[in-house]
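Here chain A shows up in two complexes: once beside chain B, once beside chain C.
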Partner chain A sequence: MPTDTSGTPVPAARARRPPVPRHAPVTPLSRGRAVLASEWIKLRSLRSLRATALSGFAFSVGLAFLVCSGFQARWHTLGAQAQAHFRPVDTGLGFLQITPLFFGALGALVVTTEYGTGQIRGTFVATPQRPLVLAAKALLVGLLGFGLALVTVSAAFLLGQSRLSGATPHASPADSGAAGAVLGGALYLTLTGLLGLFLGALARSTAVAISALLCLFTILPVLVNNLPKGFVWRHTVPYLPSNLGFSLWHSHVGFLLRPVSAGCVLALYVVVTAAAGMALLRTRDG
Partner chain B sequence: MNAHLVRTAAEGRRHGPRARLRATARSEWVKLWSVRSAPAVLGATAVVIVLGALVLCSGYRSGWASMSASERAAFDPASTSLRGIEPAQLFVGALGVLAVTGEYGTGLIRTTLAATPQRAQVLVVKGLVLGAVVWAVTTASSFGAFALGQHLLTGPVPHAELEDPGVLRAVLGGGLYLTLIALFGTALGALSRSTPLGLAALFGVLLVLPLMVGLLPSGLADGILPYLPGEAGSQVWHVMPPSPHSLGPWQGFSLFALDVVVSAGAVLTLTRKRDV
Partner chain C sequence: MIEARGLTKRYGRQTAVSGLDFRVEPGRVTGFLGPNGAGKSTTMRMILGLDLPSSGSVTVNGRRYRGMVWPLHEIGALLDARAVHPGRSAYNHLHSLAAANGIPRDRVDVVLEQVGLAAVARKRVGGFSLGMSQRLGIAGALLGDPGILLFDEPVNGLDPDGILWIRTLMRSLAAEGRTVLVSSHLMSETALTADHLLVIGEGRLLADMPLDELIARDATDRVEVRAVDHHRLAGELRTLGGEVTLRPDGTLLVVGVESAAIGELAAARGHVLHQLRDVTSSLEEAYFRLTEGSVVYRAPVPA
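For the complex of A and B:
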């Protein structure tokens, strides 16, 4: 009979078990890296994410092209007042009223598809530190989203301005305010991506998350922006996410916020949604 | 032989198109109400329509003093109180899409079509049942929103009465418009057979398309905007036309109805040919 190191006999079954491989101890850092790696694989392998990102890019660039071509072709039919009010940067970046929907959907899909397929259960069994999972998703969505947003907005801006020529005013990236507007637009899209991610974590369903985004970014602004600008309006409507984003890329309009404060308030929205998402993630079923 | 079998045999004898129609309608009714989200969505629709009147009419009431003379002249008290319809169309549209795609998602559609191989009949009855329920809820909510909104428009702010020209048509039009939205959603859901695709198609057409067109130079936009489905259909719940280029209330509504009929026609042709 085999014996252990002290010479006491041990049962054969235990003795034949292969030695336990010695893993490096799990440190918070190594766990973080592992979670990040697994989230990266999931993000890369989701077909619907690639489709949403590509259609968001194509939509933005295509719309910028269409709108600027339209203004170029019809410049002489515009009235003197419309010509005086024409700002090439604002018009060229007009797609930023719709593109946030694509980025919001992108962020939401990162979470809701996992709930849809049931993959989330495997994820949470592997990493019971649920907020860590969401934080890893947010880090990736934030970084990749900003890259994608910057490429999308810059490409659409350059293509749009290249369509404007002759008598039609046009802007170059070096013009004052142009680079700021492009950067502001990219920041707006990144923040909506993150907002979509955390809304998705709250809703856990693609349909609900996307409906919420549509309500927030297309219906609510149309409904309240034209109300008379009374006291209540001035202290609520400029703080809608869509109007904060508008302040980030559009030249200043009447009662709306200045870009820096608008960016801060929009970031605050993301932080509050994130906190709600993290808190509920701990208490709800997977 | 027990009572149950006797009854099925008796029902078997009077198997006719009418009995089948009644049975299909009853099963669609059961399916609509047993989806847990349906009563919640219909409730939310009613709340949003009435809430819209509350927010908008009190907004105009408090901001009236700061409005210019031209803004005051363009103020339409009846349709302002009905503008909760704009967010509500999201809910009924999603309900319409989910009425079909939910069944594809769970696989229940196979049982449904095995029980009733007359596929076109299943879809038509589904649309009729959903349409009737949505019409009842949204028409009642429109009247509620109108009453609340006009009650809030006091003092110098003009308000509308049901007897005023076009007002009753607008309030009834609110229910009709939302019913068509639900049916449009059902048709797009049946065409796409997938919840995300159906929702994207419906809201792409209703919400995103007008925003896109609005970015174009105004001469171009004025020529396209009035003919978009949502824009055309919503004329029926407006008393004053929102823009000089708008179609007339019934003209616009008929155009939207035509869009819905064409998409329903596409569904009925495709549904015979496609796999479940």
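For the complex of A and C:
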């Protein structure tokens, strides 16, 4: 018979434990809700995510402020042609060429920090239904990301336009196209956040995921734009994620896709990355 | 109960675990012993559904882990104590795990109290010592009040108080009828905690038996003798039918003659003895016999 440290015998299997208490009937919904609650606790308890979100907000609003203030100050020195081409909404939302990187990084961090710290093993031990974990993260990144994006783009729009006055053209939220541009910009940022999340799930590393985002949004456009301006160029440029985003918020899209098609294609990027991420989650160790 | 059948894991051309068959039964502490790289952690990861077996299977309460809906109610595990996001507080870490399995929030306070971390519950885990991280990991394992517990090297980084605490905890968990599987490379620690042992080496199961039986199995009681004239004594012991080996430091290791008989012989023949001592087999020796397949002392006695 085994003994404890003081030498007293410990009866083996003194009492057979009662069977595991049955849970309330399990439905996919109740399982999903539990995972969502868990992911929400994880998300809100990390300072690094709040810091990234806050810096993305500050960068966007700050850039809109600086650019619009600059135009206001230099308006009279601009040539007639430049003045004629000036679109206050497009200029005010120019930060949307950079801010997607913040959202992409934010989405990636939600999953890659778990891989980086090893926390992901605890997550998967608690929830072996791995695709459910990624789906819950995606739902939260989608909802919270859209909220954050809408606040960011709206605040930047309002602050930027408030700097434009007098002879400088300026837009109000009620102007035609203004609300659409703000909404399109917010949608672009949200989809980028989701793309970052799923790239992060594929890469399982912050460095790799962020490099992939940088490639996709800044390096690839430069490379493609250096192609001879022929057939390949014409049929590649409109489908770059950065240009699909551009279609969503900019008033002058030229030969790029119309906003609705662009949104759909960008969503397709997200769906394809998500499908790859989900498939690998099932079969990969770790 | 945990049950493995033909459990095999290959990484590329390397086989980490090969054809393991075992059952981990409730009501006792099962020690999981093996040298580094023997496949202990790989096996534990497969039990928890983190790695998928290349062939064979392992089940928890009759089901594969990835098919379990609320696993933390049935099995709790401490794998790598440091595998926690350093920016999160101990409380939030446990709360997120609890929420994922529908475990009521007040269990978080209960387990934090149980492992002695209640005072630092709101502190960020990044500032924890290794010992505190181990306690947090154990708290996570206990969260769902599971019938099966897995501990991978739980005494790592714990101070003597902590080691005594975890030893007592594991014994009492087993006494409550739970299944406890604890891996270790510390022989003396395992000898104090485990009732039953699984020993693996190079991915293969070398032994699956009660601790006492493993130690007793082909254990031979030996007598250690230090004598001034060890060469003469060795010869005389051999004529008595003893098997004698001489160690480099001049100590004789005698098998087949009891210490009382050796003492009487020494007195009769006028030997001066400096030491006469029974040597009993330890888990460590049993382990080395298993993993190396032979007794360590083989030095021939010079004529």
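By our rule, the second predicted complex is superposed on the first by the 257 of 286 C-alpha atoms of A that agree within 3 Å, B and C clash if a C-alpha of one lies under 4 Å from a C-alpha of the other, contacts with A are read in each partner's own complex, and residues count from 1 in each chain.
The rule is simple: a contact is a pair of C-beta atoms (placed from the backbone, for glycine too) under 8 Å apart; a residue touches a chain by one contact, two chains touch by 3 or more.
What you are looking at is a predicted structure, and each value in this text was computed from that prediction instead of being measured.
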When the two structures are overlaid on chain A, which partner does A:S38 contact: first (chain B), second (chain C), both, or neither?
-> second
Contacts of A:H170 with chain B and chain C, given as first, second, both or neither = neither
Which of the two partners, first being chain B and second being chain C, lies in contact with A:T283: first, second, both, or neither?
-> second
Which superposed partner A:F95 touches (first chain B, second chain C, both, neither) = first
Go through the superposed model and pick first if A:V125 touches only chain B, second if only chain C, both, or neither.
-> second
First (chain B), second (chain C), both or neither: which does A:S30 touch?
-> second
Taking the superposition as given, does A:T77 touch the first partner, chain B, the second, chain C, both, or neither?
-> first
With the two complexes superposed on chain A, say which partner A:T117 touches: chain B (first), chain C (second), both, or neither.
-> second
Of the two partners chain B and chain C, more of chain A gets touched by chain C
When the two structures are overlaid on chain A, which partner does A:H250 contact: first (chain B), second (chain C), both, or neither?
-> neither
Go through chain A and flag every residue that touches chain B in one model and chain C in the other.
-> 48
For the complex, which residues does chain A have touching chain C?
-> 2, 4-5, 10-17, 20-21, 23-24, 26, 30-31, 34-35, 37-39, 41-42, 45-48, 113-114, 117-119, 121-129, 283, 285-286
If you look only at chain A, which of its residues touch chain B in the complex?
-> 48, 63, 66-67, 70-71, 74, 77-78, 82, 91, 94-95, 97-98, 101, 206-207, 210-211, 214-215, 218-220, 222-224, 227-233
How about chain C: which of its residues touch chain A in the complex?
-> 26-29, 45, 48-52, 61, 65-74, 77, 79-80, 82-89, 92, 95-97, 99-102, 140, 146-147, 164, 167-168, 171-172, 174-178, 192, 195
Could you please specify the touching residues of chain B with respect to chain A in the complex?
-> 52, 55-56, 59-60, 62-67, 71, 83, 86-87, 90-91, 94, 98, 195-196, 199-200, 203, 207-208, 211-212, 215-220
